[in-house]
Each structure stands twice: as C-alpha cells, then as structure tokens.
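Below you'll find the structures, each written out as structure tokens.
What follows is a pair of complexes built around subunit A, which joins subunit B in one and subunit C in the other.
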Partner chain A sequence: MTKKIYTKKEWIKTLAGLKSSYNIFVPVRDGDFHTFEAMDDKKNPDFNFKNTRLSPKSLIYPQSERLFEYTLNENDPDANIIKQSKKDYFPQAIVGIRPCDAHAFQIVRPNFDNPEYQDPWWVQRYNSTTFVGLGCNNPDSTCFCTSVGGGPFSEKGLDALLYDLGDKFLVKALTDKGETFLNQAKGGKEADEAALKASEGLAASALDKIRNKVSTDKLKDKVQTELFDAPFWDEVAFACINCGTCTYLCPTCWCFDIQDEVFKKQGDRIRNWDSCMFPLFTLHGSGHNPRARKVQRVRQRFMHKLKYYVDRYNNGVQCSGCGRCIRNCPVNIDIRQVCELMNGFSHKNQ
Partner chain B sequence: MERPLKNPYLPYPVRIDKIVTETEDRNLKTFRFVFQKPEDENKFSYIPGQFAELSIAGKGESPIGIASSPTEKGHVTFTVNKVGLVTTHLHNMKEGDVMGIRGPLGNWYPWKEMEGKNIVIIGGGFAFTTLRSSIVYMLHPDNRDKFKDISVVYGARNPGMLLYKDELAEWEQRDDINMHITVDGTDDPDWKYNTGFVPTITEQKITNADNAIAIVCGPPIMIKFTQPVLEKVGFSPERIILSLEMRMKCGIGMCGRCNIGHKFVCKDGPVFSLAQLKNMPPEY
Partner chain C sequence: MLEYVEKIRKTARKLFKDDKVDVFIGYKKGSVPMMNQPVLINTADQADLLYWDRNCGLNLCNYLTRRTDRIGIIANGCNSRNIVTHITENQIRRDQLYIVGIPCKGMIDHRAVQRAVKQQEILAVEEHAETFTVKGRDFEKTLNIKDYLRSNCLVCTHRNPVIFDEIIGQPVEEQREIDAYKDVKEIEKMDPENKWNLFTRMIDKCIRCYACRDACPLCYCPTCFVDESRPQWIGKSSDPIDTMTFHVLRAYHCAGRCTDCGACERVCPMGIPVRQFTKKLNKDAQEFFSWEAGLSLDQRPLLDVFRPDDYNDFIR
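Now for the complex of A and B:
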C-alpha cells in the first residue's frame, strides 16, 4: 500500500487537484469550532483541531433528505404515485475525519445494511465515500475511544490515514479505495524510514494521553430485564432536560422520522433525524405512549447504546468514544459514568 | 456501478376498489385495494399475521395489519380505525382513488408450529383484522385439514361494533369452526350470541389446552385479563401468541422507535409468544 509524505501546503494543493474525481470535504474553522465543508476556493481547510463540533455523520446520512416526490395534480396520469427522487452518488472523500468518527460509521452500518434490508440512500452514499482519517496526536480530556474498540490512530472504517508530523503529513493507504485515492493524488514523495518511525512514535504517545478507561466487558452478560429495572435510572435521568443535543451530536445515533411536505400540488417525502429524547417519538395514535416519561427515554438512550445494540449485533457498544455528548450536555450527564454503573450492576446486591 | 438497490421504502401503487363501513360508529372501514400493476400482486406475497404501511402521498404512512388472506386473490384488504392524520384522510377517500401500500412487513403467526394442533383464536374490538385473515386462511379447503379444532372467541362493546358481521354469521353456520361471539352488553332483544367480557367467555368456552395454541389480539386490558385464564386452563407461555402494536415509520427496523429491548416490533414482530415477552423489558 502507498505511503507518501506531503508538506502541509502541498497536501492542500493536492486535495484541490482531486476535485474533478471527488467531492472533497475538509475541516474548516467556523468561529470557535470546526465543521466539515465542501472544499472550494473560499474555504481554507484547517487540520489543526481536536474534533469538529458535529461529526461528519450528515455527509452519509443528511439531517434532512428528500427520499420521494409526487404530484397531487389529478390531471397528471401519475397523480398520487410516489416516485424515488433522483440522486447523484458522485464519489466523495472526507479528508481529516477523526478515527472515532470513521469507526462510528462501522458501528451504524448493520442498522442500514443488513441481510434483510438495505437502506438504499445510506448504503449508496457510504459506498461512494472514501474516508481519509487524521490520527489524533493530542486526544481531548473527554475522549475514550480506546475503551470502545477504537484508538487515536485506529484504522477501523478508514481507507487512508494521515499522520500530522508537524510541518508535514504522512499519508498511508489502508484499502483499495484509499489506494485509488492516493494514486490520483499528485505530488508528495515516498515516505522514508524516519517519517514512518516518527508516525509510530506519535501513535504510541497519543495512546498514553488517553487517561479515561471505561469498562464495558460485563455488559453482554447482564440480563436485559434486570438492567432495565436497575435502581439508578431515576438518578441518571434526574437532571436531564430532554434537549436531544446528545442524540444530534452523536455520530452513532441513527434514529429518523419520515414526513410528507407539500407545496401547492408538488409533494416530497422527507427523512429527518429524530431523537429518542422526545415524547412524540413513540406516541401512539391512540394516545398511549410506551416512553411517556423522561426517565424511560433516558434509559432507552443508554440501554440502546450499551445493552440492546450489544445484544443485537454482537459488535461491541454503540459508541465510538468521541466524547461529544459529554462536552455538550447542558446538565453534565456523562456516558462514561452511566456505562460504569451498568457494567458494574449486580442484580443480587440490590 | 453495482446494480440498483431494491428500495424497501417504495410503496406499490394501488387503487381503492371497495370501501365498507364496518361499525355503527363509522370509525372502522375496510378498504379493498387492487394493485395498479398486476405484477406487484405477486411481489406482495404475504402470510397471515403480517402488516403493511398504507401510504398516502402528501399525508404519510400508517402501519396496519393485513385483514385479507393470501388465499383471496386479486386484492388485499385492511380494516382501518380512524385515529390520526393518515387514517382520517384515508377515511375520506373514495373508491377509485390511488395511493400506495408498502410491505408485507414483519413476521407472522407460527403456522408451521400450528399445524396438527387445536387452534384457539381470541380477539377483541378492532384487533380482529389479522385474526380474520388467519381464519379465512385456515378454513380454505387447501388448508383446513392441516389444523384440528378451531375455536374463536371474539368480542366487541356491542353488536354494532363487531367487524365482518356477514362472515361471522356464515362461520356460525359451519361445523368446522366453533364460534363464540360476545358483546360486553346489549339491549337488542334479537341478540342470539353471548354477553360478557372476552376473558369471562374464554373461561367458559375454552376448557382444554391439550395440543393447542392460542392467538390473542385485542386491547391491552383484554390481553391482561385473558392471559391468566389461558394459563389456568394449561396454556404454557410458549403457546400463547400475541401481536403487538407500536408507533412506526420505516417498518424495516431502521428508524429506531418501535423497539422493545433489542427487538423491533416491526421486523422481529409484531407476533411474539408470551414466553418471549416475559424476557423482554415491559415497555410497550
């Protein structure tokens, strides 16, 4: 697999040169935060960031997306017939995605792409995307990727990986997709021994900087109904204001709503992100609501991530350890603490 | 590129062929649909117990149990309670109108296990739809021999609230199915069937659980009081089969709202045995 070295300036120029083959998304500074944007002449990529405020989840799975369209005009022979919206799946590359966020797509994948059903929009956009990661030299205080199957230089879900060597990037292809990307990338030079050594040193020291250790080893063996009835849920949920920030920021939250929108005689069927934090999410037409109370919804979020997902897919927990929900929760609910409570829960001691 | 993916969200276009108002409060109507493209009927191949999304352009979708039986060719029917945006709009539509159905979705009653057994069907109110599908399916000449005795307890608030009245009368006349129709109460002097709640009538009429499977569909309160009656007669939780309802959007296990524990009602259900439900969080 290709391993190349670029000066940082040269790398940005190289990316600009790939625009005829890929839609390129890069981190861009936006006020105090970073966000992934389509690369153009006005926006300068900025690879100097801890992580973007929002994960690049929306580049595979948009917050709002038109799925179908139709006409309600009765004079049209196709009136009321629902048709797929045309889509363009031109290859795209997300350059600078953090390893936790790339891992998150792997975690989400079995929901949208399984033997029974494939979500055509998620699958096609995922397949047309090349993930070029950027390893984390300096993980944040809320990062715990190493506890959930990832790492600051984890290659899971990545097609290529960038190492920030100060004034240069070392980039390694990891898959055929990554190889194709790098073969089209102009410039750079073959990585030398010194650069490879330096990259290994970076990865090792980054690992040392992650001080959080969250235990997840016993979750699988817990009895679901016992964990559901655990006494700590009221306390966990007490401060929650059901704002839903955690679910919108989470790179592994995938729940959605489908709504019809009509303007005059033209209509669209649209998919929007939804959140288990909202009571309408589960409200029946009859008025009955299985998760009417806040504590039920908070429990659902953590049980889904740390128990139901584990039981259903046998693929670890539904969390990539990015720490966004911890940093942004207005009432300081911390998934690391809840995970410890769940992992350490013993029905017999209660 | 690869072959285009099959789109599980795309409804088949259908035409409303016939509408029957079922109940005296006019809140329940049965809609018979014909596929606009004849080849879609074969693609929509279903088994009693499954449901589908009724899909109306401009309004949205609603998950409804399939009331027709696969032995009834040429159309598919649904009995719909008028409740929310989609179902209210549907109740205002006319014969000949075009809409969509998406499915079939979910699992079905355990037909393999039910073969060679006595079948007890217990239904209440408007939850009788997939039970109607099942009864029509079992009574079909190709299938009747596969099952032993078939007993049905079906109750509604009053005679005017019973679904499928003509068929109920016809089944009453047959000697290969034991019908126990009941109403909670009535002042109709001509009422010739039972009076009493479903659990009470079940206790009187269903007295033998030998080699039997019970399918129970109805409002939660009916299920709650029928369950101990069945267990007392000797039905083990594995042989009490229930069908659940949940708010749904996708119907294919992706949108995240209809889960009970790690199971999705839309994809792993809607049919669960009582034994399965006892191992799931009681959140439904």
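Now for the complex of A and C:
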C-alpha cells in the first residue's frame, strides 16, 4: 500500500488538484469552531484542529434529505405518483476525519446496511465516500475512544490515514479505495524510514495521553429489565433539559423522522434527524406517549447506546468516544459517568 | 464567589435538619472545566455536593415548574426574578419555596475564555477574587474576571436577588448608568432588508436542537408549538424559514417575561447570540410600559393585565 510524504502546503494543493475526481470535504474554521465543508477557493482547510463541533455524519446522512417528490397537480399525468428524488452520488472524500468519527460510521452501519435492510441513500453515499483520516497527536481530556474499541490512530473505517509530523503529513493508504485516492493525488515523495518511525512514535505517545478509562465490559451480561429499573435514572436525568444537543452532535445517533412538506402543488417527502430527547419522537397517533416523562427519554438514550445496541449487534457500544456530548451538553451530563453506573450496576446490591 | 460554597452547604444542611424542605436544588461541580451541573439533593448528607462559582450560568428556576414538594433553591438576581415570574404565572407556590439568595457578581463567558487561549484545550480553571487562572497542557494564563463576564452580566442591573428567605453574604453594589440596549439600538437603525439579512446570518448555524428553549424557565408549555403535530405549526426540516419561525416565535413568547439571565445563549452548542431576539422585546417592555420582568410578586405579568380605564387607545 502507498505511503507518501507531503509538506502541508503541498498537501492542500494536492487536494485542490483532486477536485475533478472527488468532492473534497475538509475541516474549515468557522468562528469559534471547525466544521467539515466542501473545499473551494474561498475556504481554507485547517488541519490544525481538535475536532469539528458537529460530527461529519451529515456528509453521509444529512440532517434533512428529500427522498421522494410528487405533484398534486391533477393536470399532470404523473399527478399523485410518488417518485424517488434524483441524487448525485459523485465520489466524495472526507479528508481530515478523526478516527473516532470514521469508527462511528462502522458503528451505525448495521442499522443502515444489513442483510435484511439496506437504506439506499445511506448505502450509496457511504459507498461513494473515501475516508481519509487524521490521527490525533493530542487527544482531548474528554476523549475515550480507547475504551470503546477505537484509538487516536485507529484505522477502523478509514481508507487512508494522515500522520501530522509537524511541517509534513505522512499519508498511508489502508484500503483499495484509499489506494485509488492516493494514486490520483499528485506530488509528494515516497515515505522514508525516518518518517515511518516518527509516525509510530506519534501513535504511541497519543495513546499515552488518553487518561480516560470507561468500563463497558459488564454491560452485555446485565439483564435489560433490571438496568431499565435501576434506581439511578432519576438522578442521571435530573439536570437534563431534553434538548437535542447530544443526539445531534453525536456521530452515532441515527434516528430520524419522515415528513411530507407541500408547497402549492409540489410535495416533498423529507427525512429529518430526530431525537429521542424530544417528546414528539414517541408520540402515538392515539395521543398516548410511552416516553412522556424526561427520565424515560434520558434512560432511552443511554440504554440504546450502552445496552440495546450491545445486545442486538454484538458490536460493542453505540459510541465512538469522541466526547462531543461531554464537551457540549448544556448541563454536563457525562456519558462516561453514566456508562460506569450502568456497567457497575448490580441488581442484588439495590 | 467561591466564598459562598461553604455557606450554601451549611444552609442546605440546616434546612434539612429543621425539616423546612424536602429537596434542595443547587449546582454541583461539573466534570469539565467552566461547567457546573444543576443538582437536586434529598438529604443533609448530600449537602457537600453543592457548589457555586462563576460558572453557574444556567437558570435553576427551570427545575421548579409544577413541583409539588417543599423546595430549597439557590437564586442569584436573574434566577430570583424568574422565580417571581414562576410564582405569578402559577407554576409554583411561594409557600413551597425556601429561597437562598445569592448576591451575584456575574458569570464567566466560557466562549470568551476559550478564545483567549486560542481554542486550546482547557484542563483546569482556578477562580480567585478578581482573577482566574486557566491551565492547559502547555500553558497557564491568569485573566481578569471583569474582562470575561458574559454579555448579559455586563449589562445586569439586578445582581442581588429580589426575593429570598435568607441571603448568603452582603448585597453587592448594583451596576448603574448602564446602557443595556446599545446593540439593539444599532440593529433598530438598520433598514428592514439589512435586519433580515443580519438575523438570517445569525441563525444560519442553528441545528434546531432547541437547547435555547429548553434552558429557559419561561418555556414550560406542556407541549411547545414546535412539538405540536395536530396542527403542525412548523416544518421539521432544516429549512431556514422554519428555523427563523422558531426563533422569532420563541422570543415573542418571552415578551415581558424575560429576565435576560442568558441561559439560552450559554447553552447554544453553535454559539448563536439568541439573546439578540429577546433583548429587543425587553427594551420595548421597558420603553413602552416601564416594565422589567420578575421584580415584584404584587404585580401581574405585563401581558396579562387589562384595565378598562387604560390610558392607551389600542387596548379598548
């Protein structure tokens, strides 16, 4: 597999040169934080970032996406016939995605792409995407990727991985997709021994900097109903204001709502992110709401991520340890603490 | 304001011991710097959890709505005004509450502090009387608190609680000669098109998480208009028109009720200055009706008063 070295300036020029083959998404500074945006002449990529405020999940799974459209105009021969919206699945590359966020796509994959169901929009966009990761030299104190099957230089879900060597990037291809991407990338030199050695050193020291250890080992053995009835949920949920910050910033939250929006005679069927924090999420047509209370909704979020997912997919927890919800929760509900409570819960000690 | 911590704990302990409250609502120290968590305690033993510093920038009144027990609660100026509003709007009864007043010197703007250290990760913040020290992996910086106060605290004229059963510490001096609406006046000067563009730009990052609404003690409707499905008032997609509708309607629902506590702005994950909407309505309430929300239990809220002899024509 290809391993190349670029000066940082050269790398950005190289990316610009790839625009005829890929839509390139890069981290861009936007005020106080970074966001992934399509690379163009006005937006400078800034790889000197911790992580983006919003996860890059919207590049595969947009917050709002038109799936179908229809006309209500009776004079139109196609009146009232619902048609799939045309989509452009031109190859795209997310360059600079952090390993936790790339891992997150692997975590959500069994939901959108499994033998039973394939979500055509998610699958096609996922298949058209090349994930070029950027390893984390300095993980945040809220990062806990190593507790949930990832790591600051984890290659899970990545097609290529960048190592920040100060004034240079070392980039390694990891899959055929990554190889194709790098083969089209102009310039650069073949990586030498010294650079490869330096990259190994970076990965090892980054691992050392992660101080968090969140225990998830006993979650699988817990009885769902016992955890569900655990006495700590009221305390966990007290401060929660039931906003959608955690779910919308989370790279592994996948829930959605489908709505029809009609303007004059034109109708669109749109899929929108939804959040288990919102009362409307579970409101039945009858008016009954099985999760009418805050504590039920908070419990659902953690049970889904740390228990139901674990039991159903046998693929670890539904969390990549990116720490966004910890850093941005308005009321400091900390998933590390909740996970410890759940993992350490014993029905008998009640 | 660290000196309040021990006093708050002592007061809470005594309230439980004297059986004056069933629960006590305050803050506990957060798991990340510049963040504290609202907490409810049930016993005197838990009083050591209670904490107070310049990062208690939410609004605890949010947690009072329609509770039925006897509650001890800490309240600085703005929070106490919201408690008054809650009582006059029948969301809680005065006799259920034991209010522990806190004279407030303002909260720290955590975003401004992040900017001051160029967005490097802050690992610890130590608060002193007039300064605070910010520490990261390779840096340490001491900053003056007065340069990093939140924008709503800078223009606050009610730092002392307006209602309390007991007050912790001496009242602080109120800020005077403050022009609270300088920024609003600048916007008022704009023509409609520029105003529209400004507001459109302001909310273009909004992800509709509704944290601003949810952090606000005024937003206690059993079903918010954005959650209504029959009829559905507002689209669920990220269409800018729906986003604007949400922000404008949210602000109007706060007219004559907002105390400018700043919780909405504190919690926004995208850093949107949502107070710009509510401040204009606060200014109107003050200019047209000499009204500031939540100052007295004896006054009905601005918008639920009707007098047949009102001197204004439009009301008749």
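By definition in this document, the second predicted complex is superposed on the first by the 350 of 350 C-alpha atoms of A that agree within 3 Å, B and C clash if a C-alpha of one lies under 4 Å from a C-alpha of the other, contacts with A are read in each partner's own complex, and residues count from 1 in each chain.
The rule is simple: a contact is a pair of C-beta atoms (placed from the backbone, for glycine too) under 8 Å apart; a residue touches a chain by one contact, two chains touch by 3 or more.
Treat the numbers as computed from the prediction; the structure is a model and nothing was measured.
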item	value
Clash or fit, subunit B versus subunit C on superposed subunit A	fit
First (subunit B), second (subunit C), both or neither touched by A:Cys136	neither
Touching partner for A:Leu170 - first (subunit B), second (subunit C), both, neither	neither
Partner chain in contact with A:Phe278 - subunit B first, subunit C second, else both or neither	second
First, second, both or neither for A:Gln337, with subunit B first and subunit C second	second
Subunit B versus subunit C as contact partner of A:Val123, first or second or both or neither	first
Touching partner for A:Asn242 - first (subunit B), second (subunit C), both, neither	second
Touching partner for A:Asn328 - first (subunit B), second (subunit C), both, neither	second
Subunit B, subunit C and vertex subunit A (Cα centres) - angle in steps of 10°	90
First, second, both or neither for A:Leu202, with subunit B first and subunit C second	neither
Touched partner set for A:Ser64, first subunit B, second subunit C, both or neither	second
Minimum distance between Cα atoms of subunit B and subunit C in the superposition (Å)	7
On subunit A, positions contacted by subunit B and by subunit C	257, 259, 274, 283
Subunit B-touching residues of subunit A, taken from the complex the two chains share	67-68, 70, 72, 79-82, 84, 89, 111-112, 114, 116-120, 123-124, 127, 224-225, 228, 254-260, 262, 267, 269, 274, 276, 281-286, 288, 290-291, 296, 300, 303-304, 307-309, 311-312
Complex contact set, residues of subunit A against subunit C	30-33, 50, 53-54, 63-64, 138, 140-142, 238-239, 241-245, 247-249, 257, 259, 261, 270, 272, 274-275, 278-280, 283, 326-328, 330-334, 336-337
Subunit A partner contacts - residues on subunit C that touch it in the complex	30-32, 35-40, 58, 62-63, 111, 114-115, 119, 121, 123, 137, 205, 207-211, 213-215, 223, 227, 229, 235-239, 266-267, 269-271
Partner subunit A, residues of subunit B touching it in the complex	1-2, 4-11, 13, 36, 55-62, 83-84, 87, 97-100, 220, 245-247, 249-250, 252-262, 267, 279-281, 283-284
